[in-house]
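Order of writing sets the labels: A, B, C, D and E. Residues in every chain begin at 1.
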Amino acid sequence: MTVWAFDILALLALVWLAWRAMTARRIEVAVVTFLPYGLLMALVWARLRAPDIAIAEAAIGAGLTTALLIAAANRIRRRSAYERAADTAAASSRSADARLGGWGKQLVGAVLACVVGGLLAAAVANLPAQQAGLSPQVEANLSDSGAGNPVTAVLLNFRGYDTLLEIAVLLLALIGVMQLRRETPGPVVSAEQRHSLVLDSLVHVIVPLIVIVSGYLLWRGGDAPGGAFQAGALLAGAGVLLILNKQARPAWLSARVVRAFVAAGLLMFGGVALNVMWTGRNLLEYPIELAKPLILAIEAAATVSIAVILTMLFGGVLTPHRAPSLQGGAS
Amino acid sequence: MWVDVLSGLALVTGLAFFVAGTVGLIRFPDIYTRLHALTKADTLGLGFVSLAIALQSPSIFVALKVMLVWAVALAAGATACNLIAQYADRSGLRPWERGEP
Amino acid sequence: MIGVGAETWLILCIALPFTLAVAAYVVGPRANLYVAWLAGLAIPLASAGLCYGVVTEGAIRYAVGGWDQPLGIALHADVLSGLMVLLSAVVGLVTCLYGHRYLGGADDASSRSYWPLWLMLWGALNALFLAGDAFNVYVTLELVTLASVGLVAMTGKAVSVRASFRYLILALAGSLAYLLGVALLYAQHGVLDLVMLGEQLGTDWASVAACAAVTVGLILKAALFPMHFWLPAAHGSAPAPVSAVLSALVVKASFYLVLRYWLDVFPASVTDVGSFVLSGLGAAAIIWGSVQALRTPRLKLLVAYSTVAQLGYLFLVLPLLRDAAQRDAVVTGLICLALAHGLAKAGAFMAAGAMQRVAGDDGMHGLRGVSVSTPVAVFAFALAGISLMGLPPAGGFGAKWVLLDASIASDNWLIAAIMLAGGLLAAGYIFRFIRVAFHTEEFAGSVVTRHRTLEWSAMALALAALLMGFLVEPISIWVANAGAAGTTQLAEVVP
Amino acid sequence: MTASVLMPLIVLLSSLVPAVLIFLLPADRHWLRGAMSLGGATLKLAIVAIMLWGVFHEQTYRLTIPFLPGLPLTLHADALSMFLITLSALLWLFTTIYAIGYLDNAPHRRRFFGFFSLCVSATVGIALAGDLLTFLVFYELLTLTTYPLVAHRGSAKALQAARTYLTYTLGGGAVLLLATVWLYHVAGTLAFREQGFLNGLVAEQGPTLTVIFFLLIAGFGVKAALVPLHGWLPKAMVAPAPVSALLHAVAVVKAGAFGIVRVVSDVYGIETSDQMGLLLPLTLAASFTIVYGSVRALAQDDLKRRLAYSTVSQVSYIALGLSLGSPIAALGGIVHLVHQGVMKITLFFCAGNLAESAGIYRVSQMRGIGRRMPWTMAAFTVAAFGMIGIPPLAGFVSKWHLGVGAAAANQGWVIAVLVTSGLLNAAYFLPIIHTAWFAVENSVNGKSDDHKDAAEAKWPLLAPALFTAALSMIIGLFATADASPLTWATLIMRREFGL
Amino acid sequence: MLYAFGGVALVCLGLYGLVALEHMLRRILAVNVMGTGVFLILIASAARAEGAPDPVPHAMVLTGIVVAVSATALAVALACRVAEQEQEGRPEGEVKP
């Protein structure tokens, strides 16, 4: 009974937050609403016995996505404020508060949503009550997979190919974001946030802690919830903090080294995937006795790459120009 | 048995702080006071809830981990509060004074 | 090919482009020349090897990680996917040449991302064509989307950035619709392997809803009318080699998936009504796209609208697939149409790019008399146009012939009529440009700077499209053989 | 690779290869380009001569190239195809010479000669097509390759005319494609066979075959300029004279007419189509076109337009002959394929000479030009007389057989059509001839008002005209000789009707 | 299964937002909401069975989350660029589709 009450409450809150996140009058509010939405979502994942997803959602879905959106909202708003000062007439034509499209669009959207919703609900309602899916197969082969956590086994062994391509997705997004930055600093550059002593000390304490925790998540991921994505996302959080705190990039972290870090996960994963083929195996077919160390190596490299890429994605959105100090880079 | 009673007590106390913090968030007149309600009351509430969970946890390590979570939340909350207050101050927001709406 | 099994080629088709892409990213622009050459030589070789293997030895199933289905992911190569890989190889080879010349001179820093993005796109396309797993398809779709969006936004011009944003949002919505379908399929059937799904699908709610979701998601990405609105701006504003790849391959990838699903996974779940709805949309696309192409003031937009129209054909004939007697013929026709359009459209965009380079702009007015300055490009455009119009001996003609035959055989006269009308409309917009190019008025652009590589790249593709007509018969034989061996359709059709 | 395979290939390549080389050649290599064009033309003529001899002796020339599923491209030389191919090979040589002279110092010559050669390749393909699909392929290629020639001048008017041309021909092509696919679906084959390949299907598929027949005729009728599908032809007059000559005499119009001949005789078979009652509508359409074209020609002052309407009229003689269902009339129709070509090309050469040397475009400008340009006008007169049907010139031979055939087929009214047309021909040609030879120039101070002070055209322009004029006289005079078109047409008829 | 219906609701909400909203960031948010809805359906259906839930959908959703954040980052970067270019008022050859 109480569980039901929690479920219904959580779902109602989710829907309400989602609605607010899209349609809150001020865009800043809308964007910030995505944070509790993501956190609640993480709670729901935990409730649905999906702790791996809960961690990832909290770090990536709620944390990083919201950070990206806030940075963007800031950038867009800052520009319009600048614009307003220069020319009020021009700015008012395209105010950020024109939330909804015309009546036509709203009507179409509503009708579409209702129709799709009806169909989907019918489909969901008619799903079989029991469907074990692939868990029997996963269970049966878990001992050969080199990972004790079934999710990790699926991610890095049974369906490792998906994960390999997924790291490529990250790399693609990074290239896409980075190429959009300009050569020269934009006319208005963020200088609002002065160096904060409190933040500084927090960073000094918390970044090493994050590094330890993510190492722990990575190590533990083989047998319990956690793994490369969660660890990488956490590390990226540290990276975001460093960027926000305007930490200078260490000298040894040249652009090429950063690129090497970025590519490390893909290279390691792809290298392992291809190199097992020399012994007549299929792509990604780890020898059983080597499966555990190989997976760990892949995960370690992937963690570094994911962390660096996510950090740089944030950095790329936050700072629209190619400036040497803010190109990101986790420790 | 004693442990259950203690953790229940801690949970209720924590909840009370949360309620107080939330009421403060809604009712207080300006950003500084709201921050005050939020960071102090809620952090304390979280501490009690963490304590409750720690008492229920199967091993001492889990209990320590839970407390570590609280410590991190404490640090993060304090820093965030400081940053927001600083920003508000720099933006020229004056603290509320009695008599104002 | 000697010594190397088709399975190795299969892996190389996917691994090579990704490896080179990462290399290009890590090393940076200094490696561009080597990467271009290596990619242009090695990937087409692997693709040809794969295609040869598929044609001679039949379809290949490859268990990634050595895990059998349904637990592991299968790669699947048959005639359909083999030929699509080959198409990307041919277009890709020329794109490497063209792209190197097109961007080589520009020291615009944004062009440094061209090679990693484009090679990733190539690899993603190959991975998509060879995927045999519903969720793996989703990942490859996203790879294709992000790479395409990155390429469209490459120049950083306002028009293209805006277009790429819209493209990204729409493509994401499409991917999510697709993923929704996959979620329903998995929830109902508990497998992700396409063959197994094909065996299990029925007329239950979840299967039918999944069919709808997958199809809607894919046609959104394939820019079927009325979901085409993002395409012209994106394809028209990208740099020419990118436009070529987008129009020739990327939208084709989504169409390939529609075909794959409708052939192998959905037959038991979809109804004739569904296929006629798609067919009607296809017809509308042909007419709408052509009319827009007849009106647009820019050459590249004209070519982009032509893509909208030509994609219509692919969906127009879907109802014919429901007639078992015509199935092989329709599959042949669709493959040929997709290949011919891919080659011709890439050629047309490259030709347009070469002309744009000379004229400085792709406005129709500025291109008056451009045949004086870039005769080869104009000729290539015209040759590509022959295929788009469906005139002999081009691939477009062969495909149209086969499809007309099939539509007459199954008494779908309206489909036949629309196909013919579409050809005439295509002639309208192709010759609309030829008229401009032949204009005697003095050409306003530069006559000095000719870009022979650009022009002849376009010519090579246009010639390939023109001569593709002679491949129709072999393709029909391969399809028939595969059909007889039960391998075009991954699974038997459940009555 | 035996001669039987090689010959059709060489005939095809003898213009295709020069075309490609011309495109690749730098634009200013005029001599080399001319040499290649002429060399190709000569080679083609030589091969055609050999093939003529071979076909006469029942040698088969057959080349198949795999193309569509179950439908290879087939190049096959039978008596009928040799007829058209000889005509085009011969006239191509003359037209090339003429064009080299005509376009001396004109811009875009590379493009012109390239497409010119391609155009002839397409015509050769049409002539040699062994089935309807092959025919269709080359028929459409002909459309495409003639477009740049019609649009060659690049003026607004030329582009407009080319657009009209394209609209008509591509529309016709689409109809043809539909009809061909449908026919293939019904009959399962498309290979031309003497006396047709549909005999067995008439009972079952009669109505369908009737519809297909009219679709096919409509498709070919566009290029054959059957009224009301003729609209493009007069407009296409803006093209340079060699192109007009090509369109009217060798390639385009002939391709349409030839298509009708193929459909009637080798797809349906004359007898079968007669039994199905398909021929009478064709006779009516052809008769109407003949009269209509002539009437319209009367009213044209523009010389080339007048000639164009004359073509509309004259080409329908071919269809008329085939449609009467009698062997003699068919003989007349088929032989007119060559006769009309030779005569009409002469007329266009002459019109080109007048325009080029004297700046004459209209009939009313031609006063007294015969004295200034006697050779040109002599050639013109011969060809015009031939067109009217004055014995013993070529036109008479065709018309005679048509008349006799009509009588044999009990279609007496057709003779009336022929006579009317002959009179109308006279009515629009004789005034031209009269004006040219006997009218006095309007001159002020010895300077002509009507035209530039012109001497005779230069020899590359004159020689082809004189030669074709002479040819039209010879093939009329010696119509019964062993090597004459008439004899060859008789051979066709013998094989066609199984006589 | 309650959560699966919640997922359906989120999908619909996202869909409505995608069609009806104009602000670029809001559309990005709408896509994200739609995505979480799809994930929710997947995970809810994986949790139907008693005992340990099916790990395959979990892996799929983890992949999906990473894909979503990648796409969001790119979309956000594009949106910023579009907004800046709009405000700089330099429409370079506006193309109307």
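Descriptive notes on the structure:
The rule is simple: a contact is a pair of C-beta atoms (placed from the backbone, for glycine too) under 8 Å apart; a residue touches a chain by one contact, two chains touch by 3 or more.
None of the values given here were measured: they were computed from a predicted structure.
The chains in contact with subunit C and with subunit E alike are A.
Path length between subunit B and subunit D in the touching-chain graph (shortest route): 3.
On a Cα centroid basis, the chain most remote from subunit E in this structure is D. Comparing the CA-atom centres of all chains against that of subunit C, the greatest distance is found for B. When every chain is represented by the mean of its C-alpha atoms, the one lying closest to the mean of all protein C-alpha atoms is C.
When chain pairs are compared by their number of contacting C-beta pairs, A-E comes first.
If you average the Cα atoms of subunit A and of subunit D, the two centres end up 72 Å apart.
Here the CA centre of subunit B is 56 Å from the CA centre of subunit C. The mean-CA centres of subunit B and subunit E are about 32 angstrom from one another, to the nearest whole unit. Subunit C has residues 135, 139, 142, 146, 149-150, 153, 156, 161, 180, 184, 186-187, 190, 192 in contact with two or more other chains.
Residue positions of subunit A touching 2 or more other chains, listed in rising order: 120, 124-125, 127, 131-134, 138, 158-159, 162, 166, 169, 172-173, 176, 180. Applying the touch definition to all chain combinations yields A-B, A-C, A-E, C-D, C-E. Against subunit D, in their complex, subunit C makes its touches with residues 329, 332, 369, 371, 375, 379, 386, 389, 391-393, 397-398, 400-402, 404-405, 408-409, 416, 420-421, 423-424, 427, 431, 434-435, 438-440, 469-470, 472-474, 476-477. Listing the residues of subunit D that touch subunit C in their complex gives 23, 65-70, 72-73, 111, 136-137, 140-141, 143-144, 147-148, 151, 153-155, 159, 162-163, 166, 170-171, 173-174, 177-178, 181-182, 184-185.
Within the complex formed with subunit A, the residues of subunit C that make contact are 11, 15, 18-19, 22, 25-26, 28, 62-67, 70-73, 109-110, 112-113, 116-117, 120, 123-124, 127, 135-136, 139-140, 142-143, 146-147, 149-150, 153-154, 156, 161, 180, 184, 186-192, 204-206, 208-210, 212.
For subunit B in complex with subunit A, the touching residues are 72, 75-76, 78-79, 82-83, 86-87, 90. Those residues of subunit C whose C-beta lies close enough to touch subunit E in the complex are 135, 138-139, 142, 145-146, 149-150, 153, 156-159, 161-165, 168-169, 172-173, 176, 179-180, 183-184, 186-187, 190, 192, 229-230, 232-233, 236-237, 298, 301.
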